[in-house]
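Naming follows writing order (A, B, C and D), and every chain is counted from residue 1.
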Amino acid sequence: MPTYSVVVDIQLRDGIADPQGATIERALPVLGFGGASGVRVGKVVRFTLDGADEASARAEVEDMCERFLTNPVIESATVTLTPQEP
Amino acid sequence: MSAPVPLHRSLGLTDDELERIVEILGREPNGLELAMYAVMWSEHCSYKSSRIHLGRLPTEAPWVLVGPGENAGVVDVGDGIAAALRIESHNHPSFIEPYQGAATGVGGIIRDIFTMGARPIALMDPLRFGDLSKPRSRWIAEGVVSGISGYGNAVGVPTVGGEVVFDATYDGNPLVNVLCLGVLPTERLVLGQASGVGNLAVLLGSATGRDGIGGVSVLASAGFEETEDSAKRPSVQVGDPYEEKRLIEACLALLDAGLVVGIQDLGGAGLTCATSETASRGGVGMDVDVSAVPRREAGMEPFEVMTSESQERMLAIVEPEGLAAVQAICERWEVRATVVGRVTEGGALRILDGFDGPVLAEVPAASLHDDAPKYDRPRRRPAPPSPSADELAAPADPAADVQALVADTSWIWRQYDHMLFLNTVIGPGHDATLLRLRHPVTGADTGRGMALTTDGNHAWCAVDPRRGTALVVAEAVLNLACVGARPLAVVNCLNFGNPEHPEVMWQLSEAVDGLAEACRGLGLPVIGGNVSLYNETAGVDIDPTPVVGLLGLTGPIAHRPPGAVLAAGAVVLVVGPEPEPVLGGSAWGRLRGAPGGALPTLDLELHGRVAGLVAGLVADGALLGVHDVASGGLAATVAEMVAASATGLVADGPDDAPWWFSESPSRVVCVVGAAVVAGVEAAAAEVGVPVLRLGTAGGDVLRLGGFATLDVAALRGAWQDRLPSVLGSGTVSG
Amino acid sequence: MVFPGTNCEADVVHAVESLGASGTLLWHGDATVGQVDAVVVPGGFAHGDYLRTGAIARFSPVMGAVAAFAAAGGPVVGICNGFQVLTEARLLPGALQKNRGLSFICDTTALRIETTSTVLTSRCAPGQVLRIPINHFEGNYTCDADTLARLRDEDRIVCTYVDNPNGSVADIAGVCNEGRNVVGLMPHPERAVDALLGSADGRPLLGSLLDAALDRAGVP
Amino acid sequence: MPTYSVVVDIQLRDGIADPQGATIERALPVLGFGGASGVRVGKVVRFTLDGADEASARAEVEDMCERFLTNPVIESATVTLTPQEP
């Protein structure tokens, strides 16, 4: 069975306030880092997945995102799937 | 080219120590055996520099069920309940990764408590950080506090108090001490002992990774060298409070079901320590199948498995017949349980590759502990700190000095769940914490209370470690009195510099004597402790910092203690002797750049009477506010009360800095209704304790006689802003 | 109700028992809630709060039973982590994000009761202010503008902070479902049942829940 | 001054325990998702940065990573910098 490296990049939806990003953005100039704006913090989940083929592996990951890895009320995800060298 | 360093030396063993090992084994040790001796004979595990001194501490009292030497001390607190108490340091790991260093410190101390069969119910965190004007100190302080918050809250043990000091002596070496209190039904007390040949050693909890390999000797016993830290970057341990929470529940369930004959946590020196300690305490041997140990990483060597300090693991000794039941309980709590050892006859600890496979190491289990070297290292009295605060000129702006001495610590403890379990009658922010004493299994309320405080004062101990330590114990006793409690038992954490420096050994030895004298004088047993040495950076040692944790008891809690506040219109008294006009080691002296001078004397007998009197007054509900006089003297004590309650005070007193700033012991500020004054004075007279009428609470200024006048709102604002103005809005590591 | 990582279950039992009810603990792996008259999803860190608070817990077998119990009108209250679990399970709208300022807060707050027609607030007066402890890192209530408008229109904001500690939209501390029998709130009423510990203001809240439970049990 | 879109991808270093990843990994099969292993969770910080040029912008971000966004003892960061269309 082929194996895929999966990267799920989870971001807050546009328009949803980002308390982590806001905190970092407030801190940066105080700490001497100027010029940054629009800070948003997301999450990345990486794993290895066995799947019959790329389409079914992708379908499984998307289902995972929808039902588990993200909360669609506030988050959305981008999935990247790379076949691993055998 | 220079000759390669011999293996034993690179593992931290001296040539003499190697010779000793050869003598014990009657042959040259192999690499695995050497690694096991190296971790077990490290300063951290063997207390080789301090053991000969610790023997001078008083450890006995009728209520002591377990004294020093076990995972935690245990005392009988009545109604079929025993209390387990322990304090430990996680100083060095917290310097490198403040969040995880502090978090894993919390995890470790909690395991020590439930190892005894006790449910952990409270944590305290005495902390010492460097000067907050330095970015690195702020970075460490924020990381440590969030680590304690992140781990303690999630594991479900409330952090009900602690201490914090910021001082340049800790710039390169913070102190993160953590104390844990647990309660158990007296009959459930278990010891970390293996017995019964043929019994199984079951490893519970996390898989083993390369966490803190060599950490015991590298992380815990070597001084910090900032420049080197990327070269010998240690494998930092990461805490998992969720695993620990499940471990607590599973282990307590195993103990309730009577399925465990002995249990031991895995801490420093990992499996090597846990297997050899359980075996040698029980006078048996153990075969350990290193190949059975579940691993987190591929390709781990036996020595890595045997010395790994991966967190959240326990070793339970169970009878073979009980194994299935043990596994069922662990499965319910989703805790991994793997048989990794067997109790054997004789005293050998054998490490095998498969129970029937080749022997990888074979050493007498007891030799890893009992034969560890003990050093009587040279001692020399250091030059006392200078200049002397007793020679300071009168302050130019006394009000500013008073204001500079007070800080609200709620920025820290608001990040800690301090209310879980519904026991917290008086939480952080007062002199001591008061908890309801309830039965750990039935939840039945005894109506009585348990009180806790942690105290330390490096400034006093730098001037005179012996008297300074005694004064610290005395302060702890008064802190308990302020919540109506009488002291029961002491634990201590001795944070000192490099023991190879004779000055540090002198400080350590003196501090132990001071601790012993005060505890003897007050009738208190020392039931446990921890020694943290090598607290130095670039050859400079920290000030000696013994920290004591004190547990006390109250009678039925009929009144909620009032706390360190004022009440408008009330009369403010100082119960206790007139202050000695000395300022050595005082907070005000330090503020003015004068750390030296004379320490006040301590009359233990009088001190005991003051504490008893105050505890009684609080228990009777006679007081509207109470606060003992400590760091910063009477001036800071009343300023804290004014700030906390936003209530002013007009006090009488001389225009004399030593009178207001002296940290002379055995004094307590008591706030009483006018009608009660005479009663309090009579009660004090009966036990021969002087009482001073200091003044009357109310109004919007704090007036310290003709010495200083402060605006209440400004004082309160400065007090509140002290920490938030520098912490909590992001920090950089350097 | 107990998930691995839950830690306020004994406190909730203690609190409701101090009000005269009797509490039993439901296990997350059970497929039923048994014969109870009300369910409390208590605080703590179910499954370590890993990934997102409540994200794993909501898949527990018992949550199906809780959903059915709620659908049948049974009173369900989620406190703190329990509130987070109920939003993940979509039994309540919105989500709880990290606090503004990114720090954990344990403190006693002033809580204003916004509606009395819920299973948790029937014994309160509208506008009443109670002193109730909070204890959370992720209590910053978030929802989209439409949801907020609906919550307002339908009088489903149960309680608000007088002095917003965490950045919650519209100062929201607790909300209820359309049926008003499922309530989630971040503050911990069970921590305020005994004046010795600082506040007894949680009693009317838990008392309301017991009324609803009795009602359902058919006890007059 | 040119503006850059910055993506900082922060991961735990190899060998450092990832309890969150391990917990997700244990949960997946229970939730009906098979075949996933080696789950690791990381963080992504995205922002916009004004900088004199790409080299100095990158230097600032790396300094930020080193001293503020990560603790290099346990985490490593990958920085991606893209000039924004004016």
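Everything below uses one rule, namely that a residue touches a chain if its C-beta (ideal position, glycine included) is under 8 Å from a C-beta of that chain, and two chains touch if they have at least 3 such contacts.
It should be emphasised that the depicted structure is a prediction, and the values quoted were computed from it without experimental measurement.
Peer 1: Looking at A-C and C-D, which pair shares more C-beta contacts?
Peer 2: When C-D is set beside A-C, the one with more contacts is A-C.
Peer 1: Averaging over Cα atoms per chain, report the distance between chain A and chain C in Å.
Peer 2: About 30 Å, centre to centre.
Peer 1: In whole angstrom, what separates the CA-based centres of chain A and chain D?
Peer 2: 10
Peer 1: List the centre-to-centre spacing of chain B and chain C in whole Å, with centres computed as mean CA coordinates.
Peer 2: 36
Peer 1: Where in chain A do residues touch at least two different other chains?
Peer 2: Where chain A meets two or more other chains at a single residue, that happens at 23-24, 27-28, 31, 68.
Peer 1: Hey, what residues on chain C touch two or more of the other chains?
Peer 2: Chain C, residues with two or more chain partners: 47-48, 50-51, 59, 101.
Peer 1: By residue number and range, which residues of chain B touch two or more other chains?
Peer 2: Correct list: 240, 242-243, 334, 730-732.
Peer 1: Taking chains as nodes and touches as edges, what kind of graph is this: line, ring, star, complete or other?
Peer 2: complete
Peer 1: Would you pull the chain B residues touching chain D in the complex into a rising list?
Peer 2: 96-97, 99-100, 206, 209-211, 229-230, 233-240, 242-243, 296-297, 310-311, 334, 730-734
Peer 1: Going by the contact rule set out above, which residues of chain A touch chain B in the complex?
Peer 2: Touch residues, chain A against chain B: 23-24, 26-28, 30-32.
Peer 1: Which residues of chain C touch chain B in the complex?
Peer 2: The contact residues of chain C facing chain B are 4-5, 7-8, 10-11, 14-15, 44-45, 47-50, 101, 103-107, 133, 135, 137, 188, 190-191, 193-197.
Peer 1: Write out the stretch or stretches of chain C touching chain D in their complex.
Peer 2: Spelled out, the residues of chain C in touch with chain D are 47-48, 50-51, 56, 59.
Peer 1: For chain D, which residues are in contact with chain A within the complex?
Peer 2: 1, 6, 9, 11, 21, 24-25, 27-28, 31, 33-51, 60, 63-64, 67-69
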